[in-house]
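Structures follow.
Both complexes shown next keep chain A, but they swap its partner, so chain B is in the first and chain C is in the second.
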Partner chain A sequence: MTRAAASAATPARDRLAVPAWLLQHDMAMCPCGCIGKRKKGSYLAKTIQGGSKLLQQVMFGEDVAKARGLMQRVDPRVKLLSLLGLLVVAGLSHSMIMLGAMYAATLALASASALPVGFFVKRVWLFVPAFTGIVVLPAILSVVTPGDIVLTLWHWHGSPQGITQQGLVAAGRVVARVAVSISLVVLLTLTTPWIRLLAALRSLGVPRIFILIIGMAYRYIFLLLTSVTDMYQARQARTPGIVRHDRAARAFVGASVGALLGKANQLSEEVHQAMTARGFRGDVKTLEQQRLHIGDVYYVLAVVIFAAAIMIGDHILGH
Partner chain B sequence: MAIERDSTELADESIIVVTGLHYYYLDRYPALNDVSVEIRRGERVALLGANGCGKSTMLKVLGGLLFPSQGTYRAFGHEVTEDSLEDVQMSAGFRSRVGLVFQNSDAQVFSPTVREEIAFGPLQLGLSREDTAGRVEDVTSMLGITDLLDRPPYQLSGGQKKKVAIASVLAMGPEVLLFDEPTAALDPRTQYWLMDLIEQLRDTGKTIVHATHDLDILYRIADRCLVFSEDHRIVAEATPEQTLADRDLLLRVNLIHEHSTLPRPPRVRVVSSEC
Partner chain C sequence: MHIPDGYLSPQTCAVGFAVAVPVMATAAARVHKRVRTRHVPTLAVLAAVCFLIMMFNVPIPDGTTAHAVGGALVAILLGPWAAVIAVSVALAFQALLFGDGGVLAYGTNVLNMAIVLPFVAFGAYRLISGNASLTSGRRVVAGFIGGYIGLTAAALCVGVELGIQPMLFRDASGAPLYSPYHLSQAIPAMLLAHLAVAGIAEGIVTAAVVAYLQRANLPLLKVNHPGVPIDAASAAAGRSRRLRLRPGVVAGAVMALLVVLTPLGLLAPGGAFGEDAPEDLDLHALGLSKIPEGLNQYNGIWHSAIFNGYDYTRDTHPAVGYVISAIVGILAVGAVVYALAKVVALAAGRRGSANDPAAPGRVRT
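Moving on, here comes the complex of A and B:
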């Protein structure tokens, strides 16, 4: 049917002049039901899916933080201060046994705080190889840490070179310290609601405006994440054919970054207006007020005794 | 320059007076064109008009968030300008008496929890933590959202966010409430809840100004309508009944289509004295 024919087919009354191609009921799928070529998703699809997963994890994290476990009962300020103390202890420890004891203690605390231990371990060890393993890898070689060769990899002027025992010990120590430190941080963040963590930071002297900005950034990142997902899904819904993913994805990223920036700018203007309308003049006041309980005192005592034991044990084992 | 409730102000019932107001975006694009409005205490006024006619801009001017390029705006007997709102007392007095509920609840609900969100306004105005906490409890139980108090905003539905946004404004105890497209994107149950609330707020003596193009709710939410044309002027002022009876006007300002069916006025039940 031609365009003219389609126009003639529509009544003269103020109906839309629908083009002929829009009236055709094309199946656009193979009538025999055969399956075409399949193509794996691009990096873009994976990134967007990762964003959605992050949202789900945060939701899960908030649920865990509200559970009635051991760590959830402790005042966030006490948790924050004891975390800082234990991070220093972990950083100063040399003994692998003591570092192992600290790690075991974090696992026990996670378990007592209604955290699934498997999930906790996975979350920590996902970061350790990525951030530490690659960095300490050269340290195990004799060119960086000379010592007793345990695995010869090459020869240099006749002397064997490779992995040294001292290098392995040093690298193992760094990895253990990082694992303990990340475990402690993950334990704190998973057992403390975000708002209470911010309030704890505030009560420990972090400037109010800084806390406000972090809080709002956290709040709106989800909104912008939803916008990105919507834009991607709208594009995906109109992409029936096989496309060269990477080039199309780059074009999409470029366009959506611009669109998102515009949206974020408009939103920030409106948020500022909403704050001004309710009396904001640059100084933020919050409702949150926290009180210490006797349980917090016991927790501090336990942490101090544990930290002292680790330091003494490390000293004894070190000699 | 503090806003005080004195006898002269109470005698003058017009609490909002806008005269010859012009507003341009980027100094070029007109949003309001020679607008003059007078709003009396306890009135419910609907600003009607098609998309982009200047309703939301008008509400933001009334809320002291945008300032006119030309013309004057007086609230409670005092001129509202960017300069006058720099005064701490004037600002606190004005902000506590005029509350704006934004169309986009996401922009208005910015705190990490609902409790902090509702407490934000009263705390900024200098109320103590105890008084603020009391207001938060009162307003959430009035609106039936006590169960949301410790929830983060991203876990709320659109209707819940709107309720939180309204609660956050009501917690400041404003005399004048400005609603931008109050029923937009709300499910029918929340729409009716909102209309009931507006009626109850009117009964408490609040002055309410809406910007809307939803004609179905007009009979319930307004006593007087100001109709904006697409060239950003006020072209008519009438009761909801008179406005909805003027089909030509509504067609001209793009509020209805020629095939649109207009809402009928609510039936008034006549109770017979005879048994």
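Moving on, here comes the complex of A and C:
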């Protein structure tokens, strides 16, 4: 019987073949722009695609956090405290050499923690030019940072104006410090599973309510991100022709956010009911008790010695 | 608007935490008291929504990007204290998971986006929407303006925080240690981008969602608007209720405004017109040979000013003297405004009870 059904299905599948026009590549959607007119993806589409990329990134982060490496073995609380300490040290150090030494140390730690160094460097330096490099660039000019002119570009009322030595130093220092700070944070978050990071925050005195909200929001981000993607795809699917950026498009954005909020509100009601049904009374208990190992003590010692060396070196170089 | 680590001195970051932590604690306590166990899932979901809204970065010609925050929206829907928690949780994610906004600068970022923004936005929204019904267009406009002003206020705070860095922290050669831009550069740079792009984005998101909820999900809008009439008809019925003037609130608002505007004095170059002491007058430029007699005679007729020249320490600690003069001045202005508001409230109350036969004072007599 089943065989008969299967043999009957085969010609049927041939007959119901996908129509040719559906298999044809949409010219407008050709990403390389080799045929037809190249269409720039809309800003909305780009951001939503960026969202799914973000998801992948975080998933990858969780993989790395489970790998066996140096930083993964250190207790999250110790890592968090040493991160804060090192961030302050980076903030207080004035010398480019010392900031360079700190950056080199983060690279060494990254490679000791089974992080692909290329990925680590890229992740940090993709941020730095976008957030800092371009912003700081005008600061090298004497208009912003007056001082000893290194390169004269123009004259203003007879006095030379251009790139100043102080400006270069200041801009370089800000970029270096931002790079070191981001590296330190990325190093922590890539080598610590999210749940353990939250537990560490909790044991360092962050109120439980915040931990609970952060933990739940983390899950909802992905859920709501899927909702947004679905809404946007559904809209695209029922929009023939070119997407116009008109009043209707704006109304769509407003309605999407509104609908998202409505969904979110409903979801939170349901989750709350489910939580109270399971005995939630505004408080949570953690099962895992973490102990400090001797390795953590060595790590702390190493960080303290390193930080002291940086501060002393900075002091010597500064005078 | 997220300040990364490295732009602010650790000292500034410490001040940011000193302001942000007590406010966050108050917010947690207040929200906990109001909604009990329900707050955890609600705030978690709203934090996720704020995070998604902040993901939509709009590129700006000066090389940075700007984005809406969604804090104004949450403040309108669930009150500003809930917005404090929702936005600060979203900021915690961005700092820890995505490197957007610093970890040391977290307190400062919370101050700007999770405290200043929702409260300013909510204040403006309440002020503009007034007694309008829940479905009126005035609430949509109020939402837009609230979001716009709130985001702009947050941007102004960022500009001030970045701008004071080169004034306070320099190395021996005069090169700034942290953010290199002066107040006069940082504030316009932040404000232009946010007045022109991000403020509008925040305003549009807030107004569009308020309009959508008016059409499609009125119960959600009702949560934070207890006692507000739903449509124009019931608004007309309840209009006899008077808006009460609260002198304490008015005085507090005026003093807060003065504190926020204080840095403007540091920005303005030069002195004030017509306020020179007689010996500082440029007689030659004015075509005079000596100081006019009347000016000379009556100048300094009042000798017993406590804070002469905005200082009481006789220039031993000019900064301390200046700050104390500023505090005393603001308190004095607050006291005067309080007294004025009290008088106005009393007068209005008397007139209201005279006009309104249903007023309780009348019924009893």
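Criterion: the second predicted complex is superposed on the first by the 270 of 319 C-alpha atoms of A that agree within 3 Å, B and C clash if a C-alpha of one lies under 4 Å from a C-alpha of the other, contacts with A are read in each partner's own complex, and residues count from 1 in each chain.
FYI, a contact is a pair of C-beta atoms (placed from the backbone, for glycine too) under 8 Å apart; a residue touches a chain by one contact, two chains touch by 3 or more.
Just so it is clear, the structure is predicted and the values come from calculations on it, not from any experiment.
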Item checked: Combined model on chain A where chain B meets chain C, clash or fit -> fit
Next item on the list: Examine A:G167 and indicate which partner it touches, taking first as chain B and second as chain C; both and neither are also allowed.
Entry: second
Notebook entry, point to check: Is A:V271 contacted by the first partner chain B, the second partner chain C, both or neither?
Noted result: both
Next item on the list: Classify the contacts of A:I195 with the two partner chains as first (chain B alone), second (chain C alone), both, or neither.
Entry: first
Next item on the list: Pick one for A:V228: touches chain B only (first), chain C only (second), both, or neither.
Entry: second
Notebook entry, point to check: Once the shared chain is lined up, is A:G118 touching chain B (first), chain C (second), both, or neither of them?
Noted result: neither
Next item on the list: In the overlay, work out which of chain B or chain C sits against more residues of chain A.
Entry: C
Notebook entry, point to check: Thinking of the overlay built on chain A, is A:M216 touched by chain B (first), by chain C (second), by both, or by neither?
Noted result: both
Next item on the list: Kindly classify A:L261 by the partners it touches after superposition: chain B alone (first), chain C alone (second), both, or neither?
Entry: second
Checklist line | First (chain B), second (chain C), both or neither touched by A:V253 | finding: second
Margin query: Let me test your reading of the model: by the given contact rule, A:G279 touches which partner, first (chain B), second (chain C), both or neither?
Written below: first
Checklist line | Smallest distance from any CA atom of chain C to any CA atom of chain B, in Å, after fitting | finding: 9
Item checked: Overlap of the chain B and chain C footprints on chain A, listed as residue numbers -> 194, 215-216, 218, 220, 223, 267, 271, 275-276, 280-281
Checklist line | chain A - residues contacting chain C, complex | finding: 43-44, 47, 50-51, 54, 58, 61, 83-84, 87-88, 90-92, 94, 123-124, 127, 130-132, 134-137, 139, 144-148, 165-167, 169-171, 173-174, 177-178, 180-182, 185-186, 188-189, 194, 197, 207, 209-210, 212-218, 220-221, 223-225, 228, 250-251, 253-255, 257-262, 264-265, 267-269, 271-272, 275-276, 280-282, 318
Next item on the list: Write out the stretch or stretches of chain B touching chain A in their complex.
Entry: 60, 63-65, 88, 91-92, 95-96, 99-100, 102, 104, 106-108, 110-113, 115-116, 119-121, 123-125, 129, 132-133, 136, 152-155, 168-169, 172
Margin query: Which stretch or stretches of chain C touch chain A in the complex?
Written below: 4-10, 13, 24-25, 28, 32, 36-49, 51-53, 55-58, 62-65, 73, 77, 85, 89-90, 92-93, 95-99, 102-104, 166, 171-182, 185, 204-205, 207-209, 211-213, 216-217, 220
Check: Okay, in this complex, where on chain A does chain B touch?
Finding: 59, 62, 194-195, 198, 215-216, 218-220, 222-223, 267, 270-271, 273-281, 284-289
